[in-house]
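Two complexes follow with chain A in common, the first pairing it with chain B and the second with chain C.
This part shows the complex of A and B:
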């Protein structure tokens, strides 16, 4: 249950421990990739809660979303269109939707449990 | 183990990695690392300049002492007096004596009004560059000037006129605009070479430049060169 959180922490520690730094030029594209990956994480949790989870969908979605978002942002820069804003917007909206769904689901479950306990 | 744990953990690890990397990149971005390094360099420069000042003072004191010794030994001996005159002449030629005389004073300043009027233009076109000063110096030399100083820095053989960022180095001293070039010579000839050269170019491109001619009733003053002459590699070829 707590393994994903531990994984997040583990990744963060690795990231801050290694001396690699993203070149300043790519920071913008990286930000979109980060958003995409966060979106995947919450989407995955939501899928788990809704019992529609599929590991391969999550993994492929994670990598393609992050890569495509960064690529689109890069393309937008070449074309002089701020496409990365669109990516930020899309992923932001989805992130909040996923979070809201997770919250709804947890709340529903909690209330159900509470009622069951009252009935006993 | 439930089947969802592993994929989500993998995704979480990578997300954490990306997050911390991005975090690091942003953190190093905002407090401008170049600025920090610049500050370190500025303090280094300031320290070195202080050191230079100290050495300069030392040098000046030693020179004053030397002068005193040279003058005290004189007691009617014609030979020593002749030697002293020779020393004085050598010093004059080396630029180690403060001078005054007829001449010209040129003031060059950045074209700030022009830059304000065209803020999108390249600012390099509105500042005085070291090349401008070099050209004017060369033209003044063409006008047979005998001594030149820029903002109180006497030009001698080892003097450099060099661009370092937004200031100009002369005698390893940083000079900032307005640049006041003082030259001793025939004011009329100097004026003429000035008006047919770089000065005229600057004036016609809108730079706030000006010059004043000084005759013997109002002579210009030029300080002595306060640095040293070093001969590490030079040998007199006899």
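This part shows the complex of A and C:
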């Protein structure tokens, strides 16, 4: 349970230690990529709770989603279309859906436990 | 549910997420402090504030510059007045003989027992003034407006006096001025030298490159006299 959180902390420490200097022009793509990876992570947590978790799906999803999101945003900029907004919208919606699903599962489990305890 | 199976991939992903997030946070902080990413309203307010401040500072600068100019003018005025007064003072000192002066000039020497009277000295001095002498001393006593020549007699001798002090021979008259002019003024035909020659007095005239005429020993004192009419 605590290993993933430790991993997050570790990653954050590494990130702040390295202190990336991303050019301001690319910040937009970077943010879309971060959004995509957040979505992937929550999707992964949801999958764990649903018992449909697959490590390879999560890993490939994480990287490809992030890269594709950034790439699409870049492409949109080149084409003059705000694909960036589409990515933000899509990932945002999925993020909330995932979060809602996680909440539901946790709630269900808690209620189930509570009821079981009551029945005892 | 295989715990190990889901924990490792999620940990890996979260490590990357952590890196990405912190990077993004840092970049975003940098972007937010960047002017081009700030809200237009904020920027307008900032510009307004800054231009207000600038105007205020410019006003201050103008005021300070005006003050500086005023001060400078007043000091330069004062300096001018001071310089003028100093120049005037020096001129007056020169005229009144309050300072020692030097310059080219003529030296006239009467050697022992020249048969001269005090009027001869006075005539000589008048002649020198007329010839453009600027400062005259007799036996190293400066001639000024109060100088008086007379004579005093003892039982067997007669002295010419200057300021009531007997002059002893050789009597030396030193005059600052153009040496040639002074000499010509004295030696012109029928002039004072010719006159003196009639009485058997032959003063020696020497042109000098530099003559020093001392200052008046006791400057004139005005106690009763005052300026009658203010200029």
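Rule of thumb we're sticking to: the second predicted complex is superposed on the first by the 119 of 120 C-alpha atoms of A that agree within 3 Å, B and C clash if a C-alpha of one lies under 4 Å from a C-alpha of the other, contacts with A are read in each partner's own complex, and residues count from 1 in each chain.
The definition used in the following text is that contacts are C-beta pairs under 8 Å (C-beta built on N, C-alpha and C of every residue); 3 or more make two chains touch, one makes a residue touch a chain.
Because the structure is a prediction, the values reported are computed rather than measured.
Per the definitions stated earlier, placing chain B and chain C onto a shared chain A by superposition produces a clash between them. Look at A:86: by the touch rule set out above, it reaches neither chain B nor chain C.
In the superposed pair of complexes, A:4 makes contact with chain B and with chain C alike. Once the two complexes are overlaid on the shared chain, A:68 sits clear of chain B and of chain C alike. In the superposition on chain A, contact of A:37 is made with both chain B and chain C. When both structures are laid over each other on chain A, chain C collides with chain B only at 19-27; the other stretches in 19-27, 55-63, 73-81 or 127-135 stay clear. Overlap of the chain B and chain C interfaces on chain A comprises residues 3-16, 20, 22, 24, 27, 30-31, 33-34, 37-38, 40-41, 44-45, 48, 53, 55-56, 58-59, 62, 66. Looking at the complex, you find that chain A touches chain B at residues 1, 3-16, 20-22, 24, 27, 30-31, 33-34, 37-38, 40-41, 44-45, 47-48, 53, 55-56, 58-59, 62, 66. Taken together, the chain C residues at the contact with chain A in this complex read 1, 5-24, 26-28, 30-31, 34, 36-37.
Residues 3-26, 28-29 of chain B are the ones touching chain A in the complex.
Within the complex formed with chain C, the chain A residues making contact are 3-16, 18-20, 22, 24, 27, 30-31, 33-34, 37-38, 40-41, 44-45, 48, 51, 53, 55-56, 58-59, 62-63, 66.
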